[in-house]
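In this document, chain identifiers A, B, C, D, E and F correspond to the written order of the chains, with residue numbering beginning at 1 in each.
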Amino acid sequence: MRITVCRKESFNAAHRLHNKNWSDEKNKAIFGLCNNPNYHGHNYELIVKVNGEIDPDTGYVIDMKILKAIIKEEVVQRFDHKNLNLDTVEFRDLNPTAENIAIVIWKRIKAKLKEDLSLTVVLYETPKNFVEFSEACL
Amino acid sequence: MRITVCRKESFNAAHRLHNKNWSDEKNKAIFGLCNNPNYHGHNYELIVKVNGEIDPDTGYVIDMKILKAIIKEEVVQRFDHKNLNLDTVEFRDLNPTAENIAIVIWKRIKAKLKEDLSLTVVLYETPKNFVEFSEACL
Amino acid sequence: MRITVCRKESFNAAHRLHNKNWSDEKNKAIFGLCNNPNYHGHNYELIVKVNGEIDPDTGYVIDMKILKAIIKEEVVQRFDHKNLNLDTVEFRDLNPTAENIAIVIWKRIKAKLKEDLSLTVVLYETPKNFVEFSEACL
Amino acid sequence: MRITVCRKESFNAAHRLHNKNWSDEKNKAIFGLCNNPNYHGHNYELIVKVNGEIDPDTGYVIDMKILKAIIKEEVVQRFDHKNLNLDTVEFRDLNPTAENIAIVIWKRIKAKLKEDLSLTVVLYETPKNFVEFSEACL
Amino acid sequence: MRITVCRKESFNAAHRLHNKNWSDEKNKAIFGLCNNPNYHGHNYELIVKVNGEIDPDTGYVIDMKILKAIIKEEVVQRFDHKNLNLDTVEFRDLNPTAENIAIVIWKRIKAKLKEDLSLTVVLYETPKNFVEFSEACL
Amino acid sequence: MRITVCRKESFNAAHRLHNKNWSDEKNKAIFGLCNNPNYHGHNYELIVKVNGEIDPDTGYVIDMKILKAIIKEEVVQRFDHKNLNLDTVEFRDLNPTAENIAIVIWKRIKAKLKEDLSLTVVLYETPKNFVEFSEACL
């Protein structure tokens, strides 16, 4: 019997949307306020959803303590209170849109999960803007 | 690589649940308080989810400014601060249940999206009652 | 020892902002979309706060079952799924702004509480617009 | 045309995570604070999602009054203000993890729905920990 | 210049409302489901509000790291995943109503704050039931 | 009759906590992650509360359209998608803690309100950290 277990965490970061191959004018035209060269920031809310078999001994799909530790190591310690464009290797050349951040997070967490677990990541950039990425999207 | 981007908006409207082919007694028996002939109302919270390929140049599935403009034109300007039964063509003969409102909204937004984008609409009538409608439901 | 106990309830209603002494033009100019003659509506969220002494035998300021019953009788049964302008005596001649609704609710509940209890009412018209009315405002 | 209608309810309960086949030491090592022999508790938030055809006469998939009554009878009256381990037959021998509680709730509600309705249950143990169980997981 | 800084934390606990001086019948009549001898439980959400002068060097009233540490030591480590009636000295003879829990928390935190800081505690037993206790209530 | 009307808005900004009179070591020791020289950021949620007499003609303390316009001009257009330390005159020499941001916002809005209106500002830096500043704090 498979079921999905979900954990919510958060991190606060600065970022700027920018395409290095475009002129400043085009960047400003496309990304608007999000292109501010001095950055702006968000409280990112992250929901990590793991689908798998329930272990009959524990009643768990995955021990939440383990899932929390994975999220802490792969996401929070890397991105919390950071400037995504300047302080991380992932977004040095990748535009830190919510879409791209979600996929980077999905890949990092996925690499740490047992193979039979499938993963969905939901990332809120603001309470009104969010993205969802899952196994099925690949 | 496909991903889902989501936008939350809201509108406030009055409505009344009523089937014109039924007697007043039957309407009252089936719809209860929601059949009040003088209407009642809700703060409708709408989540619009768009699944598609990420544009490698922007890192976007769809520019949120465009999605917001579509929602504003197709939903908010039509339904906000309106009486759904009296002020809209859509619900003159269609009962404005959350189910029917969600499908009307889905069709309006869908018609404005590029063909390769798939759409899900979540509509909260109250924080405790909501509906979800997607491509897969057709 | 005094403390404040709070209870959250909700009701859904239609209303229209309108001043009968004004022309239609002036009403529309002042109240805008809220003046729609066919009404619009809201999910009103109500927080009732009661400050008083803790009864040493129960550890309660007021039994929540009693406070819930007062709110049900004085607010929910009167206003839920109603048109405030048409279906209630309170707003036949009083403009149903959030301010006026909160004061009407405050007076109704206040009349049912023991004299040594002081009352604050918080009324959300939408998640972004709300009012607070308390003893100290009188 | 199929659509999903959702209803949110809640119940408050005590529980303890414990495997009777394990030693006290192993239980404490695996379940940590959740193994407290004197129990702890949660405000469980439940979202019940029902997917089905819209009845053209009512505009409903299922009358919310019926769905609320099913949730009340099958979930709230059984689990609200209860000790899941001691006061319920379901968790006398089944560890009351969020996973197992969600499946028990899913089975109870599923048995009361018409056969063509498919069911998803989302259960929040805390605002940060929750599980999702649906037809597709079977 | 004084200002109020606020921190939200949470803990999950079991409890039972009971007056040892009353008969079982009276306890059941007054406290209803909350008197269940096997306990039930809640996710308590706590907001701690500290009012004081802003330190011109830091721009802080109190360093949040210090306030978090006080809340952790005085509240979370004592009450989280505990049975308030059985596992704590505070509620061995004091009925663990939200009112009484809030005052116990207020006193514990107050004792750790500098004298010129004034303290308000807001405690949510459920999203619909909460209490507020402050300096001014003494 | 006085009452308080409240409006919620938001803005997203980058910032860094830093005291120019301190060494880098002391700044890092006191402000920790918040001292990151490359900045981090937040979704600031702002609640503006205005207390005043109800105008008997409108039923309003202040027209929400006017209050929204003041917040837009004085707060959102100045701080949204900005780096508070680099892009604003207010925080060039003032540490942008939540305390200081709230007071700057309070002063800007206060200057635009009629004299008999009293003002409270609540500013959420994250859902768990927020500050409150009001007339009474002066």
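The definition used in the following text is that a contact is a pair of C-beta atoms (placed from the backbone, for glycine too) under 8 Å apart; a residue touches a chain by one contact, two chains touch by 3 or more.
Note that this is a predicted model, so its numbers are computed, not measured.
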### Query
Can you name the chains that touch chain C as well as chain E?
F
### Task
Just tell me the minimum hop count from chain A to chain E, counting one hop per pair of touching chains.
2
### Summary
Outermost chain relative to chain F, judged by CA means, is D
### Proportion of interface numbers common to chain A and chain F (over half same, under half different)
same
### Message
Using only Cα atoms to place each chain's centre, name the chain farthest from chain A.
### Response
C
### Query
Equivalent interface to C-E, which of B-C, A-B or A-F, with over half of contact pairs matching by residue number?
A-B
### Query
Rounded to the nearest whole Å, what is the centre-to-centre distance of chain D and chain E, using the mean of the C-alpha atoms as each centre?
28
### Message
I'd like the Å distance between the centres of chain B and chain E, where a centre is the mean of that chain's Cα atoms.
### Response
41
### Per-residue multi-chain contacts in chain D, two or more chains
127
### Task
Would you please name all pairs of chains that touch?
A-B, A-D, A-F, B-C, B-D, C-E, C-F, D-E, E-F
### Query
Which positions of chain D touch chain A when the two form their complex?
17, 19, 21-22, 30-32, 94-100, 102-103, 127-133, 137-138
### Query
Mind pulling up the chain E residues that touch chain F in the complex?
1-9, 49, 51, 54, 57-61, 63-65
### Query
Contact residues on chain F for chain A in the complex?
10, 12-15, 33-34, 36, 38-43, 80-83, 86-87, 126-127
